[in-house]
C-alpha cells in the first residue's frame, strides 16, 4: 500500500506530459491540415498526372507504420538533409505529414459529396474555379469533414503515445519512468490508459458540439 | 555485403514473427469483433452494456498502453504471459473493439423486413441473427474489417516494445550496430508497403467473391 | 438588336450526336421558347450558350462578344447570361438571401450592404417575402427554391435569362408560381430563352417558339403561325402535345 501511495507524488510529473502530448496532437493535426487540404483540392481539381504524384505521397504515408516513419525520419532522412531535429520536432513533423495523407482523404471525400449541380451553378453566375472552390465547395466540404476530422483527432492522440519510441516526454514516456522508478506497472499504465481515454472522448465531444453548432438545415450530414 | 546478408536473414526471421502475430491476431480480432458487435445490438442490457463498455475502453486506450498493461501490469495480479502471447492478446482486443463498430453499423443497416421475414418462417432470434442478419452484415462490414487488418499489420511493429523479435525490432537492433539508418529503414518501409498492398488486394478479391449478385452492375 | 447569337452549334457525347448544327438569334426584349421531345438536345444547347457544355463546333456571341473565342473572358461573359437550372441548384450552405448575394459580393465585387439591398429588391421581384430570406434551401418548397434561383441569376443584371426546364423538377402544383414569375419578367422586357414542356405556357409567353428534334431545329414561328404549321414533322409533334393532358409532354 505504501508503494501505491508513493505514486501520488508523480502526478504532477505525468500531468506535465499532457502538455507534450497536446503539442504532438495539435502540431500534427495542424500540419496535417496544412498539407491535407491543398492536397485534397489538387487531387479533386488538378490534372491526372498531378493526382498520381499526390496519390504516391498518400500511399506511402498510409502504408508505412508510424514507428518506421519516425525512425526513418529521425535517424535517416532529416540528418541526411543536414538538420538534426530533436525527437519532439521530428515527431510533430512525422505525425503531421502522416495525418496530412489521412486528412487529404477526408477532405477529398467531402469535396466529392458536394453535388456537381452547385459547381455548375457557381460557374453560371461567373465564378472562376478559384472562387467556386473558395466560396461554394470548401464551406460545405469543411463542415461535412468535421465528424471524420474528429475521428482523426482520436487516432492521432493515440498515435502520439508511439512517440515514446524516440523518447519524447509525452504521457506514456513519463509513465514508463514512473513504472521503472516505483517497480509498479498495473496502476501507472491503467492511469495512462484512462488519461488517454478521457482525452479522446472529451476531444471528440467538443468536436461533436462544434459540428452541431455549424450544422445547416438539410445539408449533407457528415461522412462516416 | 556482409551487412546485407546478415540483415536480410534476420529480417526474414522478423518477418516470420510479424506474420505469426498477424495470422493469429487477425482471426481472433474478427471473431471478437463480430461477437461484440452482435452483442451490442442484440445483447440486452447486461451483455449489451458490457460489450459497449469493452469496445469503448479498447478504442479509448492507445494500443501501446494496452500492450504494456498486459505484459507489465498483469503479472502484478499473478497473470504471466510471454511477449508473443501478450502481443497477440492486445492486438486481438484492440482490433476486436474497432471491428465491432463496423459490425454494429452493418447490422443496424440491414432493413427491418429481413428480420420480420425470418420470424415469419418460424426462426428463433438466434437463428435469425446467425443465418439471416450476420451473413448480410458481415458482407457490408468487410471493407472496414479489411482496413483494421491493414492497421494491425502496421501496428504489430509495436510489439518490439515488449521484446518481441519482429521486423521493426530487428531493424532497430541493426540501426544501433551499423551506420546505415537510411538503408535499414527504407527497406523496412518498402516491406510494409508491399504487405499493405498485398493485404488490400487480397481483401478486394474476397469482397468481390462474397458480393451478392445484383442488377446494378 | 441581337443580344445572343448561336451559329451552327454541334455537340457529341461518345457515340451520340446531340446537336447537329443549331443556330439561333435572340433580340433584345424578346422571349423565345424552345420545345421538343426528350433527347432533342434542348438542355445541351442551352448549356452550350454559356459554355457549361463546350460545343465541338460552332460560334456563339453574347452582346456582340464571341464567348467561343479562345481569347474570351468566359467568367465575365457568363455574368451577362442568367441561367436557371432544372435541378434547383441552390448553394446548400447559404440562406436564400445568401444565395442571391454571393455572386454580387464575390463575383461582381459589390459591398455587403449594396449587395444586401440589391438581393432584397430582387427577391421581392420573384415574390419571395421577407420571412423566407433567412431560410436555408432545405427549408424552402420546390417552387420557392426555383424562384430564389431565378433571383440569384437575375441579381447579376444579365442581358439575357436562360431557363432550362425550370418547372420539370417541381410537383405539378408548384409550377404555376414559377411560371408566373418568368412571365412577369418576360413581360417587363427581360430577354428570355426558355426550354419547357408546358405548351400552354409557351403559347402565352413566347414571341416565338422554336421546335427541336434529334439535335436540329425543325421549325418555329409565333404561336399563331405554329397553330397553322405546314411542316409535317412540326405539326405531328404539336398535335401530339395538344392531345396530351394539360399540354405537358413527358
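Some notes on this structure:
All chains are identified by letter, namely A, B and C, in their written order; residue positions are counted from 1 within each chain.
Throughout what follows, contacts are C-beta pairs under 8 Å (C-beta built on N, C-alpha and C of every residue); 3 or more make two chains touch, one makes a residue touch a chain.
Values in this document were obtained by computation on a predicted structure and should not be read as measured data.
Shared contact partners of chain A and chain C, listed by label: none present. When C-beta pairs in contact are tallied for each pair of chains, A-B comes out on top. Once CA atoms are averaged chain by chain and compared with the all-protein CA average, the nearest chain turns out to be A. For the pair chain A and chain C, the distance between C-alpha centroids works out to 46 Å. Rounded to a whole number, the gap between the C-alpha centres of chain A and chain B is 21 angstrom. With each centre defined as the average position of its C-alpha atoms, the distance from chain B to chain C rounds to 56 Å.
Residues of chain A in contact with two or more other chains: none. Considering their complex, residues 59-60, 62-69, 71-72, 75-77, 79-80, 154, 157-159, 161-162, 164-165, 172, 176, 179, 184-186, 189-190, 192-193, 196-197, 200-201, 224 of chain A touch chain B. If you check the complex, the residues on chain A that touch chain C are 114-115, 117-118, 120-128, 131, 135-136, 139-140, 143, 216-220. Residue ranges of chain C in contact with chain A, taken from their complex: 50, 52, 75-76, 78-79, 81, 83, 85, 87, 89-93, 102-103, 106-107, 136-139, 149, 152-153, 156. Interface residues of chain B facing chain A in the complex, by the touch rule stated above, are 56-57, 59-66, 68-69, 72-77, 105, 154-155, 157-158, 160-161, 168, 171-172, 175, 181-182, 184-186, 188-189, 192-193, 196-197.
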